[in-house]
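Okay, structure first, notes after.
Just so it is clear, A, B, C and D label the chains in written order, and each chain counts residues from 1 on its own.
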């Protein structure tokens, strides 16, 4: 027990002293995951609108594909990305293996289908009667679309947050393609370890296995904070819009 | 001047035909009620007029132009001259002002005028000062009125009201009828669907009776009530005594029909031997006092036994009379009292010849 | 024999009082209708009787035993002697048989008898052979009838029907009334809520008028229609001419009331100087022929101008007459025709003294 | 590209020849994750019923706690479990670190709040009118409860499948507490590697980093198959019950 408390104490110390290793690892996590979510949202939301307002062949099949994508185990996604980008793979010439870029790609693939699928559900959940009311009030095609998007806004944001939730604490994909790499440099304070492709989530199993419980706890606390903020946002939105949704 | 004309409009969903060759017209400033039971096609007809549904065949002319042949801007311009209020109105997220302003904003009305017109429309429906209320938190009755305001604020030429009073209680219904009166004052033409006979008759300049996608009859309230063309229209407008029989004699525009054991004489041409259907309204069954000599005017005299007396809303009582001819008779209360009628008592009644209608089956 | 008695039942939700000291009783075999607008507390009252809601105060006696003091098995036994059909019935997942059998199974009825009774109940509501249909796929009208069957199959002593016909069209409504008639044949006592005046009058042995949680009046249809106690009951049952005035003279059980410019004489005791509210049904407004001498019997003579003539369902026309006293008059069509009445024409009418009611405001 | 095809070919061979390493790894995965889900369901469903049919203090707070638990990053859960069970931790005397048992415990903690939360939602989503109809038809407390459970069955099963989905392809927790351990034994066929606490999901990043793409692909295929079956079940249930749900 004492050992545990000591570990927590030292973890807090690491955080408060802005330990370069902890900071650089958190930075990699935030950069990679945020980029992935932002790019996925930017791609998925317009696609969701097109999907709901246009008729095209294979629509049902595509929807199944998206839903399957949502259920893919991250570690498998990581493996597939790895296989494509490994030096002997078809995209190996890009030399992206074990870089932040490929981590963004892998997490993009994880976040994209969730955001797309939840956005499509949200837009489709807007009652047809809303569209028809807009039409009968004289709205043109574009105006109906804007109105429906406005009505679906809450659901779409929920989708983005769900995508972030999937990506931020994920280990399997990022570990497979990123390699969990850190490096040491000499500074005035002596040797310092810095993250190259190590994230909070991949660092935790490593540090525990190495017996450095304090660092693991420090990483865990930051990860918890991020998760907590995402949850808070989701709950805030749910509470804010729940009244209206229940009415409709 | 004719505002709207439907020509032979049909609509199929898959193999099910919900509208069958409906032709109908609406004059400017007129209020037409579409009367019929659920599933008669009333809502589909409204949706076709409002271009939410395309008919399988037929033409829809608005001020002489076929809506089904127009496209793009031209179509939008015409569609913006009418508006529909749905049976269960939905509110857009946001406040009441946003809801009322929506239709004006898409018409590029300046925001300053929007404010004025929104305020005016809210006053018309008795909801002044509701601009900033969250539309999703309105009660059912309030939402209904906001939906009316949202339509009226556009000052449309044609308003389509789909069952606006179904499931409203009489208090709210009266309020809605008040709003409809204000629409008419403002010169809007209106088509209103209902399954309530009384509402159709009270509100409509003309009534169109729909049944199973077919137009059974179109006419003024008086025409529909006093001269129903078919058995369905008769039953739906409260002509509750309907009999089937065979013509046994036909002379000079009058004929005699055998109904069970009874012979009924009526005005109307039907060939001897023909099977016919005839009806008479319960108010046209006259009770005859037996203590004074019967005058010659009383044709179609029958005797019967009073089975049941129930009050009708009003000073009328409804008598169920059994005998050779089973009838329901609506009789003023004072007559029943004066004649000392009671369940089990005998009674003599007559069916006025000119009130008996021949009906298509 | 008395089946149910409510004593001073009140119910508050938070600070809002939805029922206020309602006392009411129901005889065995009786059909009582609860008439009132939405929000009058009808449904809450039904839910209290059915023990879905506990009253804030008061007693509910079923066959003399206070339901609110019973617990466990004893309570369950009594509750199983009544059943409620909700306004919007929900079906349990599974087939129709499962839905109908549910109530019998919880009563430990042998499966063999359940089969027989389910078949019988389905026949009663005209849905023979529906046992294996998935209950969730039924149409609204079918679900409604299954809900009735699900209640009837239990052979309850008391059936609570909550707005069974609201938003049904006349065809479906007639069907539901037929099912209710069959319930009565089987000796079930019934309480039915409605906001339709006509339904309350036609179906009910007695009518209880609710308004804002208070019982305004209880009585037979004739009592409620011809002797409404309050302005609200009068308006809700179609007494559409209601005036406020001041008593100027009061002698021998008759009094004279000034309404605007007009003096109205009526039977009823009210002290001189008192402010009163009086009403008369539109059928009790008598048009007077001016080509024959006026008899002394015609008190309360007024002149006016016909503003509008609309047909009422029936051989009656409704005249809106303006003048010193604004009235709506329901007049038989043949009278209107004989007197050549038309909008804009002058008319003389009388209000029969004995038909004018003093109303509580 | 050829290298990739070769990898896939060898992966299929590994699968078809029931390679002992692949089989033992899959076995560990199935045993651990299935046990975790079954135990979590057995604990969560009765709790959900109690939660919905009883009033007790702190109910709202508990619900928040459950929802937070649902959002916890698996890697953090793994860390916490590790910290409690490590030799110097409060439960260290049990000696469970790097065993299948502790993996079950970690995954139980992951699955339990999801199953509980979805089950509570499912039971609460049964319209009050269903309960009241049952009451008015004369049902006692127990019978109402059984009926409501029957109506919520689809939602509850969905919850169990969601729990399974979270657990089966999860890497962070299982890696942290299980340690991804395999061992070698001598057999008649020569030296054979067998899994102790290595699962399909933890083996993939390891094998890719070791360059053994074929094994990684073999593991990935089995994982995909499991995910596919879970998806199929969920979709089947959704389709089967969707009609009813839409009506209600």
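In the analysis below, contacts are C-beta pairs under 8 Å (C-beta built on N, C-alpha and C of every residue); 3 or more make two chains touch, one makes a residue touch a chain.
Because the structure is predicted, anything quoted here is derived from the model rather than measured.
K.L.:
Give me the chains shared as neighbours by chain A and chain B.
P.N.:
Joint contacts: the list comes back empty.
K.L.:
As a quick test, compute the distance in whole Å between the mean CA positions of chain B and chain D.
P.N.:
Chain centroid spacing, chain B to chain D, equals 61 Å.
K.L.:
What's the distance between the Cα centroids of chain A and chain D, rounded to whole Å?
P.N.:
21
K.L.:
Any idea how many Å lie between the Cα centroids of chain B and chain C?
P.N.:
23
K.L.:
Could you tell me which residues belong to chain A and also touch two or more other chains?
P.N.:
none
K.L.:
Chain C: which residues touch two or more other chains?
P.N.:
None at all.
K.L.:
Once you've mapped the touching chain pairs, tell me: line, ring, star, complete or other?
P.N.:
ring
K.L.:
For each chain, which other chains does it touch, given as pairs?
P.N.:
A-B, A-D, B-C, C-D
K.L.:
Give every residue of chain D touching chain C within the complex, in rising order.
P.N.:
127, 129-130, 132-140, 143, 147, 150-151, 241, 243-244, 247-248
K.L.:
For chain C, which residues count as touching chain B in their complex?
P.N.:
36-38, 141, 166-172, 195-198, 201-202, 221-222, 225-226, 236-238, 281-284, 310-316, 318, 330, 332-333, 355
K.L.:
What residues on chain B touch chain A, complex-wise?
P.N.:
Against chain A, the touching part of chain B is residues 50-52, 76, 79-80, 83-84, 86, 88-94, 102-103, 106-107, 134, 136-137, 150-151, 154.
K.L.:
Quick check on the complex: what are the chain A residues that touch chain D?
P.N.:
Residues 1, 3-4, 7, 67-68, 71-76, 78-80, 82-83, 86, 88-90, 165, 168-172, 175-176, 179, 201, 204-205, 208-209, 213, 216-217, 220, 223-224, 227, 230-231, 235.
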